[in-house]
């Protein structure tokens, strides 16, 4: 399994605006935008909605996280096999709101490969991006924490962070694709990100909290 | 919301045997057993299957865990509001495979009350059971860790643990109901548990790994 | 081992002002104040300074934390046996800056009893205080998190919190002593705390960050 | 600050055999062996003994761990500034018994550089070693978990792991030195490790649990 790029990955986090039916509506909005524009979109539903949404939409679905355990006695944790069975094609790992141990990231990436799942590892700066790339995931997503949810786009406010991340990743492992996140909310932000070498964006509030999420997605897609 | 007792609570953990369609089949087996016997059963699906299963069955559904966060920026965590919106009526907390901080347990119990969700706090011995009862959840479930998955029933092997737990709970907070778990697999085990003052059982492998889960549930229900 | 009350327990946290020689100076200031006033004081040095300070002063010394592990292969963790060998007479547990799992608190309290070490469990509200008391530590220390480091004393700003904690603890386990913390900085605060039923105070910045820590301690001691 | 190589780094973990006075004796044994053989040795005392031992010996002393926090309100955690003030020259990070988040490892390495402290990052396999090297610590220490404490030396049983680690590290960051650990107990093991490109060893039980720790250290030193 792989994720076509350029791509817009929508992480719906745990917002009130993305729970249950509202989460499904967001997934369907992604589906419509892809149908209308041809731009690849993907969605990361809330954990408890994962199977319910993945079983109803055609866009690629990702888990917001995957835990390190094997199937079995691990109550309340999410194993990669369950993510796959739910219909997701991969998972975010190490999101700024869900940082993981280095050995856990490596283990889950490696396990995901065996299962045909895509790993997107979130990172906060260039050294961490370099380390993540060294682990060989399909993608890294650089998100300077201070810009997350700020409405100030990393691709415009700190273009050198994106450029540095792309160049660091390509040096260590040219097969790893780079997304950028934090503050992305418009097509202009997406365009700037791609111009810097990113192959997509990871975003949340810019769409989830938009008055009209579909319109926000269309605007973003316009940047590709 | 409350959970009628006596009750059989089935925690499906993260077993291969309880993922996706197999998890749904287990929930439907609970539904059939309740329909056929009148015995209350409840199920705790895998996290990513929660909404998908809760939206399809009539038996009470519980989350295997709930995290402490508020709705919002908490990627990969499960908030109580999402558990409720998924259609669950409550949550396990502090399972032996998912121990929680004392302050977290208290906070989630308190938050769940406000949302009308049932909290079942798992405990490992009498002092911890006493502490859990002092927090005022609807239920505590005592499960000596050494017996979990052992096939040796706590209600038969260590009846004094169940008796002590019931008596300690009633002294601290008579409104809290006591379940017992660990090694429960037959109607005899359930009968013994109820005779010791428990108002139900919490179990996993005895049903999930049974050759015929429905038959196993029927046997358990026969103990009530 | 036990800790005489009323007592002033000084937690030096990880402040610059309490590292190394400055931490030793704070411990010696406690010693002098006890010598001059007869008021019992105790100190919780920084983790890495524990043995070094405990071996040089006569006041009771506590660890700021103790981990759950047994002596052996647990690199970088602090076991109760090492705390004892370092010369400490006990430990804080579950400080608001170091919350612990319920089962860990219970296990360490129980282990400490076997080793003759005193456990002081920090709590944030009445239900958690009740739960902590149910575990039977020598002391609980109630510290409403919103007042920690505020300079607004819990004993004056929210006397009902201290009263409720004392009454809840005595109902569940009359042998458990109650300290109060958060915002304590003057003898008046201490006096108010004792009047509400507390048997001492737990504080940090009020002394550590004082222009003259010894003078601050003397002022506090004056409240007893 | 830097650590001369080849080096024998002794991690005393939390063994009964390394607490308090026994820990000091181990540090003094290192000192004697260095004096007698010229081989560089370093010691990682138990956390609570760090300042007490570092202030009494001339061999380089390391913390077994350092937490991510800044000096201040972080009760029970160990900040880099306190490690330095205690007299240590650096720290282990991410030991197999104390795995850390990727972002934490990066942050502490970076902070340590500013403070002149040496970071030794433990790793479990080649991808993790590569990621750790990408973060630019002074040293990585590869320790296959299945060999830790086994008495079977990684340098003899799985020489390819050491070779792979050395080659992976040099490709990513030639300035990073490689130690190897797990099962090292004799001078032969050390010799084999150096022949594979390692610049030292990290070990624990082979010395701490030896009938004669100094003799064990002398044997190890003989391999250099």
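Letters A, B, C and D name the chains as they come in the text, with residue numbers starting at 1 for each one.
The definition used in the following text is that contacts are C-beta pairs under 8 Å (C-beta built on N, C-alpha and C of every residue); 3 or more make two chains touch, one makes a residue touch a chain.
Fair warning: this is a prediction, and the values are worked out from it, not measured in the lab.
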Recurring contact interface, reference A-D, options C-D, B-C or A-B [over half identical by residue number]: B-C
Most remote chain, CA-based centroid, reference being chain A: C
Whole-Å gap separating chain B and chain C, where each centre is the average of the chain's CA atoms: 36
Intercentroid distance (Cα basis), chain B paired with chain A, Å: 33
Distance from chain C to chain A - Cα centre to Cα centre, in angstrom: 44
Residue list for chain C, restricted to those that touch at least two other chains: none
Touch-based graph of the chains, sorted into line, ring, star, complete or other: ring
Which chain pairs touch, all of them: A-B, A-D, B-C, C-D
Parts of chain D lying in touch with chain A, wherever the complex brings them together: 94, 99-106, 110, 124-125, 127-128, 130-136, 172
In the complex, chain B residues that touch chain A: 11, 13-16, 19-20, 44, 46-52, 55, 63-65, 69, 71-79, 81-83, 85-86, 88, 92, 95-98, 148-149, 204-205
